[in-house]
Amino acid sequence: MSEVLKEKCGVFGCFNVDNATLINYYGLHALQHRGQEGCGILGYDDQDGFLLKKGMGLVTKKFTMSDFNNWNAKNSIGHVLYSTTGGSIDCNVQPFFFNLNHESFGLVHNGNLTNAHIIKNKLESEGSIFQATSDSEVLAHLIRKSKEKSRLEKIKSSLNVINGAFAFLLLFEDEMYAIRDRNGLRPLSIGKFNDGYVVSSETYAFDVTGSEFIRDVNPGEIIRISKDGIESHYFSKNNFNNVCSMEYIYFAHPSSTINNINVHNFRVKSGELLAQQSKSYPGEVVIGVPDSSTSAALGYARSSKIPFDIGLIKNKYSGRTFIQPTPELREIGVRTKLSVTKDVVKDKKVILIDDSIVRGTTSKYIVKLLKDNGAKEVHLKIASPPIKYPSYYGIDISTYKELLAANMSVEEMKNYIGCDSLEFLTLENLKTLFEPGQGCFDIFTGEYPVDIYDLNKGV
Amino acid sequence: MSEVLKEKCGVFGCFNVDNATLINYYGLHALQHRGQEGCGILGYDDQDGFLLKKGMGLVTKKFTMSDFNNWNAKNSIGHVLYSTTGGSIDCNVQPFFFNLNHESFGLVHNGNLTNAHIIKNKLESEGSIFQATSDSEVLAHLIRKSKEKSRLEKIKSSLNVINGAFAFLLLFEDEMYAIRDRNGLRPLSIGKFNDGYVVSSETYAFDVTGSEFIRDVNPGEIIRISKDGIESHYFSKNNFNNVCSMEYIYFAHPSSTINNINVHNFRVKSGELLAQQSKSYPGEVVIGVPDSSTSAALGYARSSKIPFDIGLIKNKYSGRTFIQPTPELREIGVRTKLSVTKDVVKDKKVILIDDSIVRGTTSKYIVKLLKDNGAKEVHLKIASPPIKYPSYYGIDISTYKELLAANMSVEEMKNYIGCDSLEFLTLENLKTLFEPGQGCFDIFTGEYPVDIYDLNKGV
Amino acid sequence: MSEVLKEKCGVFGCFNVDNATLINYYGLHALQHRGQEGCGILGYDDQDGFLLKKGMGLVTKKFTMSDFNNWNAKNSIGHVLYSTTGGSIDCNVQPFFFNLNHESFGLVHNGNLTNAHIIKNKLESEGSIFQATSDSEVLAHLIRKSKEKSRLEKIKSSLNVINGAFAFLLLFEDEMYAIRDRNGLRPLSIGKFNDGYVVSSETYAFDVTGSEFIRDVNPGEIIRISKDGIESHYFSKNNFNNVCSMEYIYFAHPSSTINNINVHNFRVKSGELLAQQSKSYPGEVVIGVPDSSTSAALGYARSSKIPFDIGLIKNKYSGRTFIQPTPELREIGVRTKLSVTKDVVKDKKVILIDDSIVRGTTSKYIVKLLKDNGAKEVHLKIASPPIKYPSYYGIDISTYKELLAANMSVEEMKNYIGCDSLEFLTLENLKTLFEPGQGCFDIFTGEYPVDIYDLNKGV
Amino acid sequence: MSEVLKEKCGVFGCFNVDNATLINYYGLHALQHRGQEGCGILGYDDQDGFLLKKGMGLVTKKFTMSDFNNWNAKNSIGHVLYSTTGGSIDCNVQPFFFNLNHESFGLVHNGNLTNAHIIKNKLESEGSIFQATSDSEVLAHLIRKSKEKSRLEKIKSSLNVINGAFAFLLLFEDEMYAIRDRNGLRPLSIGKFNDGYVVSSETYAFDVTGSEFIRDVNPGEIIRISKDGIESHYFSKNNFNNVCSMEYIYFAHPSSTINNINVHNFRVKSGELLAQQSKSYPGEVVIGVPDSSTSAALGYARSSKIPFDIGLIKNKYSGRTFIQPTPELREIGVRTKLSVTKDVVKDKKVILIDDSIVRGTTSKYIVKLLKDNGAKEVHLKIASPPIKYPSYYGIDISTYKELLAANMSVEEMKNYIGCDSLEFLTLENLKTLFEPGQGCFDIFTGEYPVDIYDLNKGV
């Protein structure tokens, strides 16, 4: 329910796969939770060459079966786009396709570059032009401008110019490149599909498409996929496994596994640790904010021995809410999305688990909803530390202003939200869920794994 | 996930409510789980008279905000339709509106009449004609033909002619009638909305619309709502509280309360009783089939002390599946709907809770899915007794052929489904969840609370 | 461009035709100009029985190819609905289907009954109920209530009860009836399609579907179509060929032929007669209001020897106009629909031909448009007499208030419209286009061919 | 009805116009006949900067009123796209927007560059990358790479590099440029809208939007529009008024005026000349293929004194045709688009006027349709010379193979089409409709006004 901390994009690609674009469609469908604003697929086949279909909206809205009937591509890349704020939206829908007389190629990107502004300035002064308001095109320009001889060397040298968080897929006529930044901030995995390969932001898309997980792409790695199979290269020697902790806390699908840690299990454990922080438990029932906090609530209940229950239910038919003329009707519109199992919370001291707090407006609403339905007390437990700093790697919380924890003490937050107590998972406890030295916690600590050059640049 | 046992219809009405048709829209939206095939609203206001909008599809598809902009009705009735098989579908969408020179009125119906065929024959022989393939029009004809003097007496005498399961709302220019059959087989409740009244198949729609629950309409009761408030009448003296047990087991929204029993709580208890039937537990983890079996799984876990976990996740973006040309692609299409949290079930003995088994095809698929994801054993526990008999009260399981339990022993069912053990909640245990003498269990026992005249008539 | 004088409905039916419902779709598509508000098809086949699909909107919007894929009906009836004003719109979409235990049947109707109100009162007092706000159901009730023995006799006796304008198609399991009122006010023709039969409001639909025209259904005739072929019966002895003159003047497709008179030819001749009324011609160029007045303009030009030209062009991509916030933008919205060929009218005395004047607002707009584009003078010639009386046979000009000619002299109309002269075709000249004694001219003369019982009844 | 000779694109722009994007929408709506595949609008306002909306489909489908509600741009450019064959369609939808750190701008293009391939090669070798498969981006790259100092000089020097047919609009934050190639192959006009300016491919869009025509942009001219008004510059000294003759013959709207010649008048005169070529006339009635050949038919009739009539009528509700399973159904699908007024052609010698013949399949179909409806003879007269050569300036007839006249003699064409005689307007006669030395007739003569560098490149 976190209202601002939206996921930023998902990528999926196929190489040497029959019905590649349709498999790509299903891959993107499984990654839909990473972006609902736009989507697209670029396919390549020897006969018809590259063909691109992209546009605004969900994959089930943009594509229909007839789109795939005669699309015989065996190689493809696709993208789901998360919402950008303002600006020229339609032009940011990916894949980007670079149609050239020699070596046309396509690109999809999940992440954010921290020195894009500087590179764009330099490229522009040399005559390059850009069509999107996002940074994702920069890599394509660098590759084309590179003086290196081979394609691989061009890509390597270009990757060494950019900083930030990124998972890239590049599709050429005869090969695909799957690339992950040197800090491994964004997830990317490779799998097998019959005789071919698939690459995905999350392993859940392998389960759906019936692909077999091979391994994660490593930080700093370039995997080259061609008819000869897969080859591993590195563009960087100093690599770190700093996958963004928010992937586990909020973004990724519970069925996905990143760095050998299953997301659902991670969340269950975060709930257990959260319970172990307390010596006494103020509640009689533990409920989670659906869907992303159910796992943590389960963990909290297990460790605290307080019964877990289903206190909040999301409406599966919600759909679009009308713009309503009166406050009463607006409130009804909101209530169509989330309902309370009254008997579970009535006259009870409720322990409410949420994964994180960004602006706090949803938490405030839910606490009120529970109290309106008879909850005696609501104790809010957050399965991650307070988010005090903006993120610069493709997560849309780029300003201090909207971060509740950047502007209030825990006591002030408690009063704002209206709950009876408020507790966060400690950073120390969160870190125990990662291998030593791994994970990125910048939004909790303000310590960024890479230099930030473009602090004043919104996306 | 029960594939045949679909819910049959929901009704919602407003009387003396500002923006009645918009409130009705939200009421139907909250009842959408009771029928997704069609929907409609009939509004009445003194200036424009009756206005009807209805059609196929979800309420969010059929209606847009502009439909309500100038619809100033203060009284309204609405309906969500569950799928009928074959026949003239479009003509069954409700409300039915009877446009007459004197005393026009509208009608919505949830349920099924067991002597409709006989009554229709008689009415037809007298010249009546019907437009729908469903029975719901019969009541309107009987009322119009009644020789009684007052409208109330006409309604009463007509209700005494029909048998079966029904919750009716009738909307006249100046009053509304809310009616429930003498066995109370279908739920119907009345609530307060500001100065007016609302009537709903389920109390969950009161929560969403911000209405205040007053009470259930009683079996055999006619509630007349007019500008003078509500009046209670009875058309029958011998009434029974035989609400259909499947409402609790599968149909109703967990947040709803019927006969003072909350649906979620009922399901939790059914899971607890199911666990208490066994002396030993073969599993290491308890998981439920989402969404309707989660509550029962929770109860089973509580009572058995085996950990509850989230082993199956429904895709919230599922949408329509394409018709696929190959079996491999078809399987992918199915997998987009339901995913397994692999780490939860891998190498585990899994206790899988489902609410009921109808044809068994979904159970078979889920057991295979769990085993494909590494489950060592799958023990299937069903939170209701075997469904051995068809239902004649508006639930679409009208033939023996498709009921697995009508055609196989438990051992045969186990083998068909492919699970390692199979256990059902006993009828005795199910009955303990009701007040003595209450509840309808006909699909488990074959004992129907009313005579069945139309055995060979499917709807 | 006549803004009020809308066509009222079209009917099309198939009997013993392969892919009957798809052929019916194309038949309705060809009759789309007779009604754009709603449409529907009822099909019958021995295996699945009756199946009905209907709803609001154009046939190309309501139906998709998949609707016909498995619809194996060999018999069908269909309808396109013209807009009704206010009231319960959705319930008037036809076909009406009467689902009965014995002898279910469907009905479509083009026309209007003048004693429906009285019959409905009587039927209601006997307990009949109606679902539509239109009169079309009345016939079905009468048939069911008839004491006659055979189906044919029931239909005959029922038709003798109703007055007004009508073309009916009735579809039973084993036969179809095509019926035309005794004055022949609405057109109806029968054709051959391979081994089967088709019936249509206009012969143009035969051309499109590749059917062979046989003959018009005669006034007072009931054509019974069964596996044995077609049989002719009459429900009335005193029949008259009073087809509504507006069918030729405005409603019907130019390619259609009614009573052996081609519609386009009729219009050309009306233009010729209009020219012959004058001794001198005030103009330098003759232009018509597209599309319905082009034929008359051609005739006028031929007879007057003044050059015909294309002075007004309809935009083929017009589509829906947005609701605009400012008058300037609203005017642009209107201009998207019709454009002037400036060079044709600039500095010219223009003779503008229109088929008829109803409210005069469109004429006023077009005269202004021509003058804004440089026309020196605009002389408006109307290819029909002034419409001074409302119509009671299914044409929507039911009140005096909106008829310009009912409220103004020709001189006043000229001033209101802003043209330099205004002339109408005389009634005498119009009548010469018909066989002696034929044709209905009620809206020009106030002399109605049948008694009007329901003067105060709007549809 | 010409089935291959599709129009290629239309452009419309607004500068200093209130509700610029909405006015642009209406401008594009009026240019819809120039391209139905895609459309887009780029707006600029000081507060929100550039905002781009574009996508596949008609403007009435892509845009809704809500798109314009809060779009306060005062400057904008827009484009309607004609279909390209194969390749990456979605990426060719214009406007192209170049989002740069300094001097972002947008571009729309109607036309085709003949040396784009060579320039792209050079630009690519320097590192430029392209996103569309069309050439339209090339100009933007050249401008950015130019070493000239001022923006105007950069544009001038870039335009001197490209060859071919083009009308360009460039939109910067503070100014707009309207550019036409040195041969004036594609039309472009400038108009006044209140205090601001509009630019359009055709003057018809000025009529619709209520703009006042100022003048055509001249061949070789760059019109700079800014807050200071309009300034004229030239990038070329040797300019020619070689507007493509097909604009008059087929592409442009009849209401439009190009080089002071009204399109409808041009067509009427071409028909007159065509009649004057013959000494005797073989027919009894003259009919035109709607809509584009009606004007020429009128001219032919006037000059030959043979009566003009409406023999063919286009269906205004045609819409999409279903893919049909049988030949019989496919033929019905085709017939829904065009109908014959049987009485006009039956037993007549028909003179059928068409604007041009490309592949001849439509002509063949229409001749058959006329004969099926009883025409005794069909004499086909074409209001332009035989198209023997492909076009390289943005008209999609790029190969010899599909051009009937490139592969057959007139006699062979007559036999293929099945008409009784076939005659074309002579090139000499066509040329008399232009000022001496003006007009481009390349598809008739094979003499191209500019060098063709990219012969083997289809777009």
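Lettered A, B, C and D in written order, each chain numbered from 1.
Following the convention adopted for this analysis, contacts are C-beta pairs under 8 Å (C-beta built on N, C-alpha and C of every residue); 3 or more make two chains touch, one makes a residue touch a chain.
For each chain, UniProt lists the protein as follows: A, B, C, D = Amidophosphoribosyltransferase.
What you see is a predicted model, and the numbers here were worked out from it, not measured in a lab.
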item	value
Longest centre-to-centre distance from subunit D, chain (CA-based)	B
CA centroid of subunit A to CA centroid of subunit C, Å	58
Whole-Å gap between the CA centroids of subunit C and subunit D	37
Mean-CA-position distance for subunit D and subunit A (Å)	45
All pairs of touching chains, each written as two labels joined by a dash	A-B, A-D, B-C, C-D
Contacting residues of subunit D [partner subunit C, same complex]	19, 22-23, 26, 29-30, 32-33, 36, 58, 60, 64-65, 68, 204, 207-210, 253-255, 257, 262, 264-265, 268, 291, 294-295, 298, 302, 307-310, 313-317, 319-320, 322-323, 326, 328-329, 331-333, 335-336, 339-344, 373
Subunit A partner contacts - residues on subunit D that touch it in the complex	40, 42, 48-56, 86-91, 96-102, 117, 120-121, 124, 126-133, 137, 140-141, 144-145
